[in-house]
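Both complexes shown next keep chain A, but they swap its partner, so chain B is in the first and chain C is in the second.
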Partner chain A sequence: MLAKGGSKHARWKLRLSGWTRLAVIFLFSVVLAGYVLGPFVWLASSSIQNEREIISVPPHWVPEDPTLLNFKAIFLAQRKGVTYETRTQADPVSGGYIPSTAKNLLPSLWNSLIVAVSVVVLNLVVGIPAAYAMAKIRFRGRSTSIYFMLSTRVIPDIVLVVPFFLFISRLGLLDNVLSLIITYLAITVPFTVFILMSYFESLPDELDKAARVDGCSRFQTLTLVFLPLALPSVAAIVLFSFLTSWNEFLLALMFTQTIASQTMPIVIASFTSDFTISFSFINAAGVVAVVPPVLLAVVFERYIVSGMTAGAVKG
Partner chain B sequence: MASIRIEGVTKRFGNVVAVDDLDLEIHDKEFLVLLGPSGCGKSTTLNIIAGLEDMNEGNIYFDDQIVNFLPPHRRDVAMVFQSYALYPHKSVYDNIAFGLRMRRFNRQEIDRLVKHAADRLEISHLLQRRPHELSGGQRQRVALGRAIVRQPAVFLMDEPLSNLDAALRVSMRAEIKRLHQTMQTTFVYVTHDQAEALTLADRIVVLKDGVAQQTGTPDDIYQRPCSMFVASFLGSPQMNFLRGSLKKEGDRVLFCRGGFSLDFPSAMARKLVGHAGQEVVLGIRPEDVDERTNSPTANCLHGRVNFTLSIGSDQYLSVQAEGVELFFRVGRDTRCADGDSVAIAVATDRLHVFDKETTQSLLW
Partner chain C sequence: MPPRPRLRLSGVISGKFDFEARAAALFLLPVTVVLVAVAVFPIGYSFYISLFQLKLTRPHRVPFVWLDNYAKILTDELFWSSAWRTFSFTVMSVTAISILAVLIALLLNETFRGRRFLAIILVAPWAIPTVANGLMWKWIYDSSFGALNGALLQLGMIDKYVVWLGDPEKTLPLIANAFVWKEVPLASILILVTMKSIPADLYRAAKVDGANVLQRFIHITLPSLRPGFMLVFIYETMMAIRHFDLFFILTEGGPAQASHVASWHIYVETFRNLSFGTGNALAYVMAIVTFALAYFIIRTLGRRL
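Our next item is the complex of A and B:
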């Protein structure tokens, strides 16, 4: 009986410790989710609030009087010129106020898309063959080139701004989206090659040999055998290079002057230096800005984690 | 079907010489085994034959046609690897069909050949599975299927059985032997397992540090090793080595070590007489025992049994004799206990004698 009672007690203790563990995990998960999602929820919520509601205390997480006027403003801004004289026509407190550079938002979205998609495509075109060559082909200077490439990633971007500027200026590419594509490639390609190279190295050399004996050229070995196996890493690279290009601010600020090449972060930042700041409009613009990366992340979600850690551990 | 000629092939990786001036003739339909320890250059040689590795010097001929610069897919070779190297993202069917698709066979022909190969290897029921759903033995069968389906001129096998368990290895060994008989194709097989080499090969090439030590039939290499390295590499347990010196007494040549002396048969004595007075190493295979007796006779090694190891059909005796530990194989009916004094009569006509300095055989 004693033993039975003892085991019952032990079982309760065990069950309690299980619950405590679950409770702690749940609590931390909620805190983490709140920390990560809080700003995003506030961005989404405030994008459908008017200016008065946004600055109300306490803040309204759920809008009392939701409005789509802010989004409407984004798409109408093209046709509605905002000048020093006309800026007071709308009441910034009630919403409907549009920053003077608002009409730049949609063109900048297009510029951002052009830059990000080009960087993604060129990353894959350059990075995949380079990573395969470095992982599977022995050539003179192989390890030197790997170290050289990786060493470029330990230099902070701010150090590169002046050399990049001179370089772009000499090429006559200032205020041209090409300047951004070129510099973003310099930043992202080493990382792309590194991630893919680690993955390719984790695949056995025999796979490469088997494909070549089976009748594949080097290029076919890459496209028919290695690439299908590396899809998680490729997905991670697509996301990484897209997000890097989409979010980049410093270089874009240096190289772009007009809406011919300005990207979204620059234009959205410009809204804060206007005559009056419209938080509702900025937040609506922010929502528009996060839509493409979020869509991309949703599409590639199942590949992201496995891709990022691929090659880290040889299985 | 093809004969292969390797002429003065050298391969260097930086400062390391993996293959050193190798000359080799592989006959049409022959089963040639490249045997040697890790890092002896056997896999590199195989890769060079396949065209997967460039060589620094030398030439390779397939049927008198030089193939130095032909890429692997134009050499008509098939290869089986130790790690199977199946394409993980493809089904068994697609793995086997891949080589045919790359060679632009039509769909019906591919289907017929794949099913035929699968039938032959008894893997027809696995065709829709992925490699990760197969056991080691099944994977190796698929790898073999991928190789045989193309009916290549040359089969290259790089330690194909090393990842399998012992029982499966023996049965797959028989399978490969059967394949060679039915396919009538040239096989080049790399292994570090002497049992595999001895059972499968028509001829064996023993490699060490990128240099071919000896080429010959399994019997030839086992019975007439050219050096201590070859002698020790083949045979399990390995050959017993006993240092001593040669003495000439009249017509006879004796091996002497301390109080132990051994009289060579006249055929051997004729070859050894020129080396009288020289320090040598005597080689005795564990199984080269005439009888076991407690009464001392001529050509007997006297010692004490350390322990016995039974292997079912036979037993191994560890004997401390002449200050060294020697292994002998005796019948399972022989009764002896640890610590017993024994006299081992060695079969003198099957002895080996090596130069102590050069380690080369003096009987060649």
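Our next item is the complex of A and C:
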């Protein structure tokens, strides 16, 4: 999608002599890679140090005595009930300890997964027909409905918090993942419809006509003709709505109270506000939080770009 | 979007307008139900609540107070200082994001080995949870064991470890830095995509007319970037104004009130002081301001830039 701009689309090239150009590009690339990867490398390096090493001054960039104890603590926390005592036994010098809430991390990942997958499915169910109708059916109020859709996304989510909170408590859904699934629709659906609509619009109208002449109903035209063609865009919205729900913090902070519904960001945030926690343990938790979304994004990188291109840049 | 000529043959020939409208209505029904339930209704309800004195500390006494909540919050000095902090945070972040994004897009627009690698790693900061981002930077900025102190000390740029987030002078720029790091990738991708759509003829024509690299950049690249740039500008402004997560993780509004921004102010008023009426009024003011701002940016900058 990106790099293959052929003869039609040119690039703004640095018109410098070969070596200078190469040097500039090389230097800039190294700086950029360092800027992007630096924090990740430091996080990963800290996560495999023991408590003694992590408080060295100046810091050890490369761990001298790498250990997976922190990850073990996360994954075995539920079985063993890692507490202050068991932790200090394992690493006597440290004094940093692993909180009792450590056992919440794995269940919270599960909650996050349930929420994210449900939100993705609902987005597809609700968003696909709407996007198709907006792109290919001419009806009165079409442009109004597009503006309406976009304007709901300009509203800061913090405005939604109190009304949601009152509703959800009245419905008895506080501390229930359902409350998160419902409210996350508000922050994902407008974007989903917008991206898909832009993609459907870029497909020729003749396709629509031909399918209709051949006797397809509107629904069949959508599912048999347009949807298969729009798969890259569908991949993009699956990714976007998944990551948005997986990463969301503010609403989850308000509506969840116990591990019955707490999602991963909430449990991680509870670690960071505890000053007595082992630093290396927090960093290991950070790695666990960062790996799944980064993997997803890196694998589906091309869809992010094509998804953006579909709607965004046409203005 | 430029209007494209369309012939609605199916509609015109068989007079199926009613049918079309009905199909559209059917397809739009689910999304309408969802958005009314989770967006429109809450926004209206939010305004309604903001007219009451609703305090969870006194749940049984909820008098209707007209616009008193608004009067109360607007006369609060903390409101204005937090609005000012949000303003400076937004200006800092959006400026940095815009400049960095254009630079990164210029780099990725070149063809060279490793370009693909850079493009792929660039999406990583965008994908991670803001909470993990906060955790990461909190540890980098740590005043006793953090990487920033360590690196600067080893490079000889400081003599001894410095307090970073705990210094009111440095707090906002440092939080803005963490915000920028996460937001820059998306912005660069959007600008890069716009850059790739600039027709080559423009450059050829300019070269024939004798324009040099810099002139071509200023007179062709920059103006042609307008749509992508506008989008980045508006989107990032909206995101910076409402940003909450990093303030929660990194500083909780502190030290003193150095990072007590508008979104944090709303949170404290609503969920720590448990005053839902004024909290809602605050949130509503923020909504109106962001809305007006988006409109203003599109109207003025959108034309001139």
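For the reader, a short list of remarks on this structure follows.
The rule is simple: the second predicted complex is superposed on the first by the 271 of 315 C-alpha atoms of A that agree within 3 Å, B and C clash if a C-alpha of one lies under 4 Å from a C-alpha of the other, contacts with A are read in each partner's own complex, and residues count from 1 in each chain.
Just so it is clear, a contact is a pair of C-beta atoms (placed from the backbone, for glycine too) under 8 Å apart; a residue touches a chain by one contact, two chains touch by 3 or more.
Just so it is clear, the model here is predicted, and its values are computed rather than measured.
Residue contacts after overlaying the shared chain place A:K72 against neither chain B nor chain C.
Using the contact criterion defined above for the overlaid structures, shared-chain residue A:P156 touches chain C, although it does not reach chain B.
Contacts of A:R212 after superposition: both chain B and chain C are touched.
Look at A:V294: by the touch rule set out above, it reaches chain C but stays clear of chain B.
In the superposition on chain A, A:N283 makes contact with chain C only, while chain B stays out of contact range.
Once the two structures are overlaid, the count of chain A residues touched is higher for C than for its counterpart among chain B and chain C. Shared-chain residue A:R140: touches chain C; no touch with chain B. Overlaid on A, the two complexes show chain B and chain C touching the same residues of chain A, namely 209, 212-213. Of all the residues in chain B, the ones that touch chain A in their complex are 47, 50-52, 71-73, 77-79, 81-89, 98-99, 102-103, 146, 156, 158. Partner chain A is touched in their complex by these residues of chain C: 1, 6-11, 20-21, 23-28, 30-31, 34-35, 37-43, 45-46, 49, 103-104, 106-107, 109-112, 114-132, 134-140, 142, 144-147, 149-150, 153-154, 161, 181, 185-186, 189-190, 192-200, 203, 213, 216-217, 220-221, 227-228, 230-231, 238, 241-242, 244-245, 248-249, 252, 263, 266-267, 270-271, 276, 279-280, 283-284, 286-287, 290-291, 294. Of all residues in chain A, those touching chain C in their complex are 2-3, 5, 7-15, 22, 25, 28-29, 32-33, 35-37, 39-40, 42-43, 46, 54-59, 61, 122, 125-127, 129-130, 132-134, 137-140, 142, 145, 148-149, 151-152, 154-164, 166-167, 182-183, 185-186, 189-190, 193, 205, 209, 212-213, 218, 222, 243, 246-247, 249-250, 253-254, 264-265, 268-269, 271-273, 279, 282-283, 285-286, 289-290, 293-294, 296-298, 301, 304-305, 308-309, 312-315. Chain A contributes residues 204, 206-207, 209-217, 220, 225, 228-229 to its touches with chain B in the complex.
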